[in-house]
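One chain, chain A, appears in both complexes that follow, with chain B as partner in the first and chain C in the second.
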Partner chain A sequence: MAEASSPGAPPAGASRGFGRLTIEVRRSVSPQLRIGALAGAIAIGLTISAIALVLAGVPASDLAQEFIVATLFDPTNLKAVFVQAAPLVLVGLSAAMAFRVRFWNLGIEGQMIFGGVGATAVSLAHAGPDSTRLVAMFVAAMLAGAAWAAIPAALKLLMNVNEIISTLLLNYVASDILLHLLYGVWKDQDGFPHSLKYSASELIPDILPGANGGLVIAAAAAALLVVVTARSRAGVYMRFVSASPSVAEALGVPVRPLVFSTVLLSGALAAVAGFVVASSQEGRLTQSFYQGYGVSGVLIGFLARNNPFAAAIVGVLMATLVIAGQNLQVFYGIPQSMVQLIQAVIVMCVAASDFLTVHRLHWAR
Partner chain B sequence: MLQFLVTWLATTPSLAVPYALGAVGLILSERAGVLNLTAEGLMLIGAVSAAGAVLSFHAPPLLGMAVGMAAAAFVSLLFAALVITFRANQVIAGLVTVFFCQGLSSLLGAQFGWTSKAFSGLGPVPFGPLATIPVLGPIVFGQDLVAYLVVPILFVVSVVLGRTRAGLNLRAVGENPEAADAAGVSVPITRFLAVIAGSALIGLAGAYISVASVKIWIDDMTAGRGWIAVALVIFARWNPWRALFGAVLFGAIQAIIPKLAAAGVMLPQYLVLTTPYLATLAVMIWVSIARRHAPGDEPGALGRPYVREERV
Partner chain C sequence: MTPALALDAIDKSFDGFRALDQARFVANAGEIHALLGENGAGKSTLMNVACGLYTPDSGTMRLFGAPTRLSGPRDAAAHGIGMVHQHFKLVRPFSILENVLLSRPPAAGDGAPYSRQARSVAQAIAAKAELLGAKVDPRARVDSLSIAEQQRVEVIKALVAGARILILDEPTAVLTDQEAERLLQTLRRLARDGATIVLVTHKLADVKRFADTVTIMRGGKTVAELDPSQASIEELTRLTVGDALPALPNEQPHFGRRRLEALDLTVRRADGAPAVDRVSFFVRAGEIYGLAGVSGNGQSELAELLMGVRTPDSGLIQFEDSGEAFSAPRPAALRSDGAAFIPADRYRFALAGALSVTDNFAIAGLRRGRYGGWAWTNIGRMRAETKEAIRAFDVQGVRSLAQKAALLSGGNAQKLVIAREFSDAPGVVVAQSPSRGLDARATAAVHARLKAAADRGAAVLLVSDDLDEVLKLSNRVGVMASGRLAAEFEQPFDRQEVGRAMVTHG
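For the complex of A and B:
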């Protein structure tokens, strides 16, 4: 049956003789379908990744062992997962919050840098007594990150400058400022381009054996944002803005103040991630402590559908993947870039799976 | 002083070429309505595969660069399928493509041992005695073939865009896909072709960096040039010739920094390195203030997936 020439019919993906595939936009999407599509996409992504790893030389029988048992049931590795999870959850939250008000914050790395710079400035100035030093560093980090995020937010709200480009460009400016400090006034006495080591009172301590305080900060931030988004007036306003800024404006939502303050919040969250990496992993400000977190944050926010609770879970899963990747590197010589590829493949599968939740496919003869 | 100007102007073209080619590649895709953030990643694919072709297969440099173009065009199919076929969010799809390409290029370089191996690469076109003419020689006759080809390539792109049926279709799909569809132009096919052709040019930009400028492959060697190309598209308001102007401006700023340092001018070098980014930001602000009431140059359907079933 050749129907392709019939006028007026929607011939999307028409195929002669085998009936026809038609595509409709769904009016509503059931949660079951949404979860099913997400699970299917992740399963496909993981299958592709597993095949790639087997091709790269990891025995198929060892994959589950390496990924699950060796990573999550080994105390050292589990601790590493938690240390890695804290900044990933924070950057995921940062992205999720900004996306909720339709602001594409691709400047997470720049805001992390300023978080690290703010915290290090407090450390180098020995500001306040030792007992409150960590709190002072935390606050300084948030202020610095929020201030850096205020630039693209103001440019967008006042002058309509595209934030995708401005936040990306400001990342490079921030990294040059970081290098200017580390190769200049903040250079360590040992001559290397990193800051002086933080003193013991400036390092985020382990709260429990195996659980670093950074993870507690990340969990607290996630819990707070769950409450804010689900229960507060600001959370309701964000939902309006996310659906349609013009309708929100007409309904009396203070759109501009809301967007501006949410972007500052996003910058502060990213900055806390920078503080956590500097203080719990590196113990000082280094040249590259922030690298790779920007895109990871955006991808975590996307996978979590801008939901703070989901962002916390996805952040931990991403951390598991990173640590598993480090083990694969040690035992099988798999380059770390393989982990990046796996993350990218999973996100691509999820992005493509949205098609199935938004559209209904129809096979008509 | 003259010597300073001559060396500065002679090194500017090779720094401007990747910006110009990358921005024009992005313009092709964006004029068809596909918001394209993939340049940083596709440049890396172009760079690694061109270097690989030269190192492993002893390809002549120009052939290696053609391999880089083809590889970037091939990888861009992933992005194109995501945004055109699966109608994924174009920002997310662009970012994840960059992430994918960074991983893939680093993996390829490591697996095949191409990383950090210098090779002879593409040299200047041998103009013989012309190259020794004072002042003009190094500037006009000291460049490589691809640098001379940039203007013809831009000419072809702008003629195709502005004066041919294919270019009209491409622009129609980017401005008003519903009308283009009603007129019988296939929106998905046109967009696919625009993304692929643009990505080949972006791949050439990357291949130029590894084979002609630096003559080595190192992980993430594009170092943000792709993002500058993305910004240049806005700077140029989607016009290839303005993109060339912006590329030369950026190349000149980048070229002058080491020259000033070598001439003994004491500058905070890392802060000077921020000038291209700040200049782009300044231009974006200027464009949005000065052209606030002017008609927009942005393609009407930029960033919007085309959903035919919603047609009434």
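For the complex of A and C:
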């Protein structure tokens, strides 16, 4: 509703001669304004971060060099950015889709683990010919992740179990299952708790020199989801569930099937991220390949406002930040916490920018 | 005499839309001052300026002669202005006491322990309730109260906060005849004690009977201020609407088969008491069946059962067309059988306020596959048909198809709902208080649409707290009392007899 107030305005009578800042709800928000606000917020966040880095001892003249030239124009670093971006985009999409149906999926890491487990099971079983092995691993990963996500989805829909708690706790269960496998039947012959190395046909190849196939998978997923959310019937249904579940239900939207299948999709996307990390970075199933992606996914989904196109962009930016941060750590001795600080500043700026897209400020006499 | 509240040359625009245009309003202490106008005339906007919710773009406000700028509703309360909004501003899971505590402006004794503050506020609530001639339990949760009781809490809240100027936005729209009568008598008494009562309304009868002065607004402008006893209803109507109202066609109805039938429907409240108790009735093709009753006697629960948003404990809803009988109907299944719903709680069951006008209109057609299959939606066609429907159903205030539905005024939001629900020639229509809060012209349009649906052969169930509306539109009338269907009436209706059935069985 169009409620407006003016926090911080001077008390009545004290404002004579001065204008007063008033805040109004906009009637509609154009996509251009949304994108502009997001870009502006990221720019402001980066500026603040740059100031913090300069204060921490990085010469100002080196900043642009480190962030832009060294990260994006150095082939090795650029490749690292792309390799890093693929799983980040995928977990961002996973979070964005689940959030669209008001399912707070904090179980991305558990679903990644199951993606890795599913793919590795295919690898260890040598299922099918070498030429289709990667496809089989991909499909197995999706199925395993969707199945793992089905548990909290069913618990929520059938028994009203809060998914924030169930998805979070199931991460620990998934991690224990992973360790059980890696210390047990899947232990490598070298005695270390990781799986056998994938064969060459089980590694995601580079599509172009410097561009890993994982990124192609992530980009294709993002493109598909852009179409689904913007143009498909399910996309409109999701908008209604997101805006008001009670209205959606009363208008005949199949809310429960929609929520269930979207959560499976979210789990499958996270699982593909797990498969991509295992197959293009680690080359095997390790104990910790999934760590940190859960929070990153939620963060990307939030920053992207659950929009798949924005999630792809934010995922790539996040990857850039990760790689640039690694360089800063190596070359300037900037602590890891500084990299986290930069991420936090950007998140806060984007979160605050939402206020300006929804509201209009103007001075009243 | 210095006016208690004087607003002069107030301008207010929303994102370029001029809601108030040099509006003027002057009310004196001790009077009931009606503010009359159609939906979207700017009445609520002007009063939101007076109660500090909106900052005007320009213009002056004087309270008892002193120029005043309000920084917000809390500041307004501190200046003795209280407002009872059409959509109550109550925290539903909180008790009455907690709601009053929450909204009370800063006062002496704020540092006292909570229990002492609570006790003094409870006493204040009791005192104000007595002033209103009512008894309230300060510990009752707001969501356990009827609409009329919630409204009373709003009035008490304002009075406890020390309101000398009390603004009520469409207060009688949600009340039954008897409740409205009582409220207006109470307001009379408050005015006699020196309070200034501003009554935002579109009910001409209330204005004639209770207001000492009336200010009329149209299109954001103040068009007249006069003594309602000196003006005829026709004159007030002309000033409000600007031109004549559309008249209802009067045709002889002929009824067909029973299209909708309720069989022994029962639903219990959380405490186990039946809210709807073994209710059976039928509605035939071409018929409007009205369900009347004092609010809180099970009509709203029954309407929700029939709309599929509440599950009955026992009983069946039967659709003759499809031959289907539902014991646990979902809205999707009912809609697939050709049912259309106009719920009273619009933003809970009919419109997603955060979504666009287009989404809200096109969702019905989309569900039926009108705009393409699952994979691809023809957005151009969605927009074109929404545009056409907005024109055909005279939905005003739509400046862009991407505009959020929440920004439509009540009457126009209702027209949008009706445009959508009637877009597929429904066989069964369930309408719950469809003209609540709507002005005369929008009400006439809604009534005409219901009549037209019945004339086309639909079975129309009209559930309404407004007895006049029920008697005017219905071919048959059922009366609900204490969850039972207490009586049924055929035309011609005896208003007295129907009214008696509403209260004697309760």
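The definition used in the following text is that the second predicted complex is superposed on the first by the 307 of 365 C-alpha atoms of A that agree within 3 Å, B and C clash if a C-alpha of one lies under 4 Å from a C-alpha of the other, contacts with A are read in each partner's own complex, and residues count from 1 in each chain.
In the analysis below, contacts are C-beta pairs under 8 Å (C-beta built on N, C-alpha and C of every residue); 3 or more make two chains touch, one makes a residue touch a chain.
This one's a predicted model, so the numbers in the text were calculated from it and none came from an experiment.
Trainee: Just chain B (first), just chain C (second), both, or neither: which does A:I177 touch?
Mentor: After superposing on A, A:I177 lies in contact with chain B but is clear of chain C.
Trainee: State whether A:E24 touches chain B only (first), chain C only (second), both chains, or neither.
Mentor: Both chain B and chain C are touched by A:E24.
Trainee: Between chain B and chain C, whom does A:A351 touch in the aligned arrangement: first, second, both, or neither?
Mentor: In the superposition, A:A351 touches chain B alone.
Trainee: Of the two partner chains, chain B (first) and chain C (second), which one does A:G252 touch, if any: first, second, both, or neither?
Mentor: second
Trainee: For A:F240, decide between first (touching chain B), second (touching chain C), both and neither.
Mentor: In the superposition, A:F240 touches chain C alone.
Trainee: If you lay the two complexes on top of each other, which residues of chain A touch chain B in one and chain C in the other?
Mentor: Comparing the two interfaces on chain A, one with chain B and one with chain C, the shared residues are 10, 12, 24-25.
Trainee: Applying the document's contact rule, which stretches of chain A touch chain B when the two form their complex?
Mentor: So the residues of chain A in touch with chain B come to 10, 12, 23-25, 104, 106, 155, 159-162, 164-166, 168-170, 172-173, 176-177, 179-180, 183-184, 295, 298-299, 302, 335, 337-341, 343-345, 347-348, 351-352, 354-355, 358-359.
Trainee: In their shared complex, at which residues does chain B touch chain A?
Mentor: 37, 78, 81-82, 85-89, 91-93, 95-100, 102-104, 106-107, 110-111, 219, 224, 227-228, 230-231, 234, 268, 270-271, 273-274, 277-278, 280-281, 284-285, 288-289, 292, 307-310
Trainee: In the complex, go through chain C and note every residue touching chain A.
Mentor: Residue positions touching the partner: 14-15, 17, 53-58, 68-73, 75, 79, 87, 307-309, 330-332, 334-336, 341, 343, 347-356, 359, 362-364, 366-367, 371-377, 379, 399-400, 402-404, 406-407.
Trainee: Provide the residue numbers of chain A that touch chain C in the complex, in ascending order.
Mentor: Answer in residue numbers: 1-6, 9-13, 15, 20, 22, 24-28, 30, 231-236, 239-240, 243-244, 246-254, 360, 364-365.
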